[in-house]
Amino acid sequence: MKKIKMGMMGGGIGAFIGDAHRRASRICNDFELVGGVFDADYEKSKLFAKNEGIVAERCYKSVDDLIKSESDLPPDSRMQVVSIVTPNALHFPFAKKLLEAGFHIVCEKPMTMTVREAEELEKLVAEKKLTFALTHTYTGYPMIRQMRDIISKGLLGTIQRVDAQYYQGWINSIIHGTGSRITGVWRLDPKHAGASSCMGDIGVHAFNLIEYTTGLEVKEVLSDLNPVKEDIKLDLDGTVLLRFSKNLKGVIRASQVCGGEENNLTIAVYGSKASLKWAQENPNYLYLLSDTEPTKIFKPAHAYNEQLAENSHTMPSGHPEGIYEALANIYKGTAKSIRGEKFTAGEFPTVHDGVRGMRFIHAVVDSNKGGNIWIKI
Amino acid sequence: MKKIKMGMMGGGIGAFIGDAHRRASRICNDFELVGGVFDADYEKSKLFAKNEGIVAERCYKSVDDLIKSESDLPPDSRMQVVSIVTPNALHFPFAKKLLEAGFHIVCEKPMTMTVREAEELEKLVAEKKLTFALTHTYTGYPMIRQMRDIISKGLLGTIQRVDAQYYQGWINSIIHGTGSRITGVWRLDPKHAGASSCMGDIGVHAFNLIEYTTGLEVKEVLSDLNPVKEDIKLDLDGTVLLRFSKNLKGVIRASQVCGGEENNLTIAVYGSKASLKWAQENPNYLYLLSDTEPTKIFKPAHAYNEQLAENSHTMPSGHPEGIYEALANIYKGTAKSIRGEKFTAGEFPTVHDGVRGMRFIHAVVDSNKGGNIWIKI
Amino acid sequence: MKKIKMGMMGGGIGAFIGDAHRRASRICNDFELVGGVFDADYEKSKLFAKNEGIVAERCYKSVDDLIKSESDLPPDSRMQVVSIVTPNALHFPFAKKLLEAGFHIVCEKPMTMTVREAEELEKLVAEKKLTFALTHTYTGYPMIRQMRDIISKGLLGTIQRVDAQYYQGWINSIIHGTGSRITGVWRLDPKHAGASSCMGDIGVHAFNLIEYTTGLEVKEVLSDLNPVKEDIKLDLDGTVLLRFSKNLKGVIRASQVCGGEENNLTIAVYGSKASLKWAQENPNYLYLLSDTEPTKIFKPAHAYNEQLAENSHTMPSGHPEGIYEALANIYKGTAKSIRGEKFTAGEFPTVHDGVRGMRFIHAVVDSNKGGNIWIKI
Amino acid sequence: MKKIKMGMMGGGIGAFIGDAHRRASRICNDFELVGGVFDADYEKSKLFAKNEGIVAERCYKSVDDLIKSESDLPPDSRMQVVSIVTPNALHFPFAKKLLEAGFHIVCEKPMTMTVREAEELEKLVAEKKLTFALTHTYTGYPMIRQMRDIISKGLLGTIQRVDAQYYQGWINSIIHGTGSRITGVWRLDPKHAGASSCMGDIGVHAFNLIEYTTGLEVKEVLSDLNPVKEDIKLDLDGTVLLRFSKNLKGVIRASQVCGGEENNLTIAVYGSKASLKWAQENPNYLYLLSDTEPTKIFKPAHAYNEQLAENSHTMPSGHPEGIYEALANIYKGTAKSIRGEKFTAGEFPTVHDGVRGMRFIHAVVDSNKGGNIWIKI
């Protein structure tokens, strides 16, 4: 099968997330990186391109150059999709221009800086009928997909409580000056990170997983955010109360100052008949709890799983797959969409998920600003 | 060593918690059950006494009879302590009368129905100079005691976040009529349970563990409680935001409708230097996390533990001890106090812990009633 | 219910296993310790008796004194059962005399020093129609009992492999002189420990669990034992190949020099349809694996368990019980037998289990001595 | 960096292991698949090549065609390395011819059918000064590499016991006719699989991990193998006793009939000072046990790890990487070797590891045939 020609904004030397995107695209084997603007510094960008084996003339100075030059190429060799892996503030301007010029988009989260920007992109994608994939990577895990399918079949009964957590500790070394970590410091700067650090970077993953797995929409939030130190401008920690309906409530807890936690993202959905629990650090185990039956552990690569979960795993059972494979699953769905092939809802997060995410982040910030009041989403 | 003569209010045939108290008292081997009022129904009470090998004349009709008769016995054979294991509403009237008559008390939690009652007991205990142990059983676990000691030595640095959870699912079978469970139904009735079901029964354990292990006091709470069904009068589920100080926040999550959860009580305390995590269902493992060192697992019966933790475990390492041993540790500390022996703070929860608990429960209920507002504790 | 009058041989001050027996007997609440020979040193024995609240005249100088004096007491107050918790070499002579005098026996394992002695006790028990309980404590765990019942119902299909392990590390501190541990040194001395250290003390537990849970008999063994150091006379480590039938094989691995292991006893039984796995350090989890279904976790205190497992647990689900409760279950079954009540096979290990154990230990030693050859059991 | 031109023998449509090799080579990003003989059936081979985007003229009919045509290409475009992922019997003839023609080799295990063949390849590799990588994939896991480094630094003290296990259950569905599984049936046929099924396929992984992590050589084995059913010609299950030196023994247990087990490969190395344990299904956790310190958990992506372990992980801590990444690490080391770059011992398994493996398999089979006798390795 012919590979999709892919470009990249950002992701140059030393960039972790750009590297993850490229690995994932190679694992799923449907993409070929042909060019991009890899660094704001053109010299560094060219060095990266050379290392990566990308021809010099497709290493561009700017998004405008990229759009102009690529649009002039014959359809057969022209870049089809651009992966945006820059700091948050650049997602919107780049995505907007590229969509207007007819490129499909893969975009890191959070999608934009404001809700308005997010809605503008959603409108643009609809008008242009283009593919827009937001890399909520965790939705690529087979057992998250299995969770979604089990819930959609009603096996949990009435959902009675939802609880998601995303705890990290890495920012400690920056705020306490104890570590040598220098990447990621931009996350503390509202100009580059937007309205929120903790909720914008990781809380939104918990939020996305809740809506992805349950199919429910969070209606209102009440938040209590914590900058932890006097001189920090954004939240590094917080709890968000969730309301889905009168008698269905939930909670999101997220923190970047939980010393020693790595990527402790968990989700639990409790129903009147049964419940489901999953943890990202051991992603191949999905626990189905019930008051009357032994706890069941679902694992990938078994005939007992639903179709999407099974298609999302390529190893035999018992061989763990990791985050790259999860991200590759997102790319895979994206490739299907670009090629005009049939795909299932849930194969990749869309621009709509981006809008939901931005609404969440801003509602959270507003609730906290308002003195911990309920804000509609 | 001579055994302490113990009486019991409640705890007759079929009562789980009374049985647990008796087992614990036998494990620590410092108590001897000599009489009591085991059931509101005198005939059932007598039947229980007979089965238990208690002489008929010390199976009393009422607390008043008990006080009168026991007070007439010579000091050497007289009941010294009474364990109160009745439904919540009876804790206060029984404890009050017994304290006034000079009996030491072991009391189930929540201590009383109202904050005022709790404060009255606290005052009375101080006046009478009696021992009052509140069975927050979980504080008897060796690794909880180790957690307390590690924190008190400052090894976590500045505490940055506190998170405790108590999830159960047993009430599902009652509220959905799917199970045959009939014990515990009184917990849904405000007359017997007090102001709260979920927070009063289990949320307060999470609260107690937080204050026990960190030595911190919760200053304010904001709660969001959920009766889950229209016809339920008390909370079966809820989230409570906690404020310790300006930049130290936390959360308690508790629920009785998390289908399939059994006694999933957890506590995590995150500090600037290191963090500690513990889970009741695997109580012999205490995890010390750090950003720079391998995670460490502390287990009971090792010389690396602090003194109180070590004294709280009687098996060699690797042989699990359970909840009875935890409760027995509480009894053990209580016995020391009764006998006038030296003991360490933290060996058993006191009436003051009961006051704190009642304040918590009522603040939680008030926050929720007030529209999720902050309430001082 | 009237308590059974119990005596004890050994188990005085500082003895871990005697303490465990007494705690267990108090937990199950069917026994009352009335006398014994608690220490070879009579003064220490008396001191222990005093501390324990045992009347001085029932603290005896010797087993002969005990038999004589107790036999003279009226049936109503006479000692009915004696618990033998001395070093191994004394089990046989004490048990023999006591059985001949009509006392029921609870005996620590390994039952005797030689197979011949074991068989003599078995014969004597049959003749005297007395109860003889061998404290293979692990058979008291609810989930081990559930394992036995699941297998006996044929749910595993044809058993294809059996694997049991018992790894400890405590003897390191003795043989390397790095620790201050002084208890248990007698285990290295053939005069007190018998033919084997590691296999006699812990390998035999693995062996017993295999026969208990599967209902199969090991037919032949081939062993490879390791004293680890030149100057050690007994095995501290070893592997034993097992043959049940032509196409059913298995393995027992046991060691006292696995540094850092505590009581890592595991058993796995693999069948053509499904398999079961259990580990002592987390005894409340029984895993049922299958090639076609999600793994199931059985836990105590659920209606889905078989009867014996359920009767063996007294806490609600999710509250862990420990080793004392397991031992108490053994005592409970023993009490039923003594009282002439109905009980189920499997409620306590009998003298026959002791014979099997002695045969195992000696076959293992002989196989190793013979140059790792197969020895019939 | 320029990609290495890679060919492949086998690995066509439906082949799991060939797909894993290709994914791994794309993850590490140092290889480019340019041609091969993908299937014994030429039509199927061509179809695979087309799907994969490989030019038709480099999809060859035979290994001889491949050698002839590729050798005629200019050095710049010529195939440099060939990955052999055929059934076992073809490894040797293909590897021999390709080595003689000057190609580097990546080869699946077990390397050959006989020890003689293995030694012949070892000699040939030495003569030709070519790179030969044997894909013992598990040695690519970061925590296995950390284990090797910890042991080589002497932190365990004297090693006292070694225990490795590889349990699977997948062959049940074939031998009991209960499943629809048809791949892998050739493993039961001595003509294609060689002298052993279970030990040749998975036992050898356990063996390799032992020698890789400890740096020790197994001197003698005694095995007990089990075909499980009358009509099976090879072992599906077995236990192997290991002798390293007089007082250092160990055991390998492997089985393909442990119903419900997936790829339950574990290794434990016990020393006089400390011990290490690792399990493949949760490969990011390495446990360091000691008698005197809390258990420590090492995880990838931390500065506390040794260099090779750190270089073997590319994600931030807490994001699990899986088997593809492990395999990619092997490819990475192989690429370094081909390019003549510096690399560390342990970066990929060499032909010497293949010789060791073949010796092991045959010694195991011989021990069993000889009636469970010790055989030198």
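Labels A, B, C and D are assigned to the chains in the order they are written; within every chain, residues are numbered from 1.
Just so it is clear, a contact is a pair of C-beta atoms (placed from the backbone, for glycine too) under 8 Å apart; a residue touches a chain by one contact, two chains touch by 3 or more.
This structure is a prediction, so every number in the text was calculated from the model and none was measured.
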With over half of the numbers shared counting as same, classify the subunit C/subunit D interface as same or different. same
When contacts are scored as defined above, which chain pair ends up with more C-beta pairs, A-B or A-D? A-B
From the mean C-alpha coordinate of subunit B to that of subunit D, what's the distance rounded to whole Å? 54
Distance from the CA centroid of subunit A to that of subunit B, rounded to the nearest Å? 42
List the centre-to-centre spacing of subunit A and subunit D in whole Å, with centres computed as mean CA coordinates. 35
Subunit D, residues touching no fewer than two other chains: 170, 261, 288, 292, 295, 299
In the complex, the residues of subunit C that touch subunit B are 1-3, 16, 19-20, 22-23, 26-27, 29, 51, 53, 168, 170, 261-264, 280-284, 299, 314-325
Can you list the residues on subunit C that touch subunit D in the complex? 156-157, 160-161, 163, 167, 169-170, 172-173, 176, 178-179, 222, 224, 226-230, 237-239, 241, 247-249, 251, 253, 255, 257-261, 268, 270-275, 288-292, 295, 372, 374
Report the residues of subunit A in contact with subunit C in the complex, numbered from low to high. 288, 292-299, 302-304
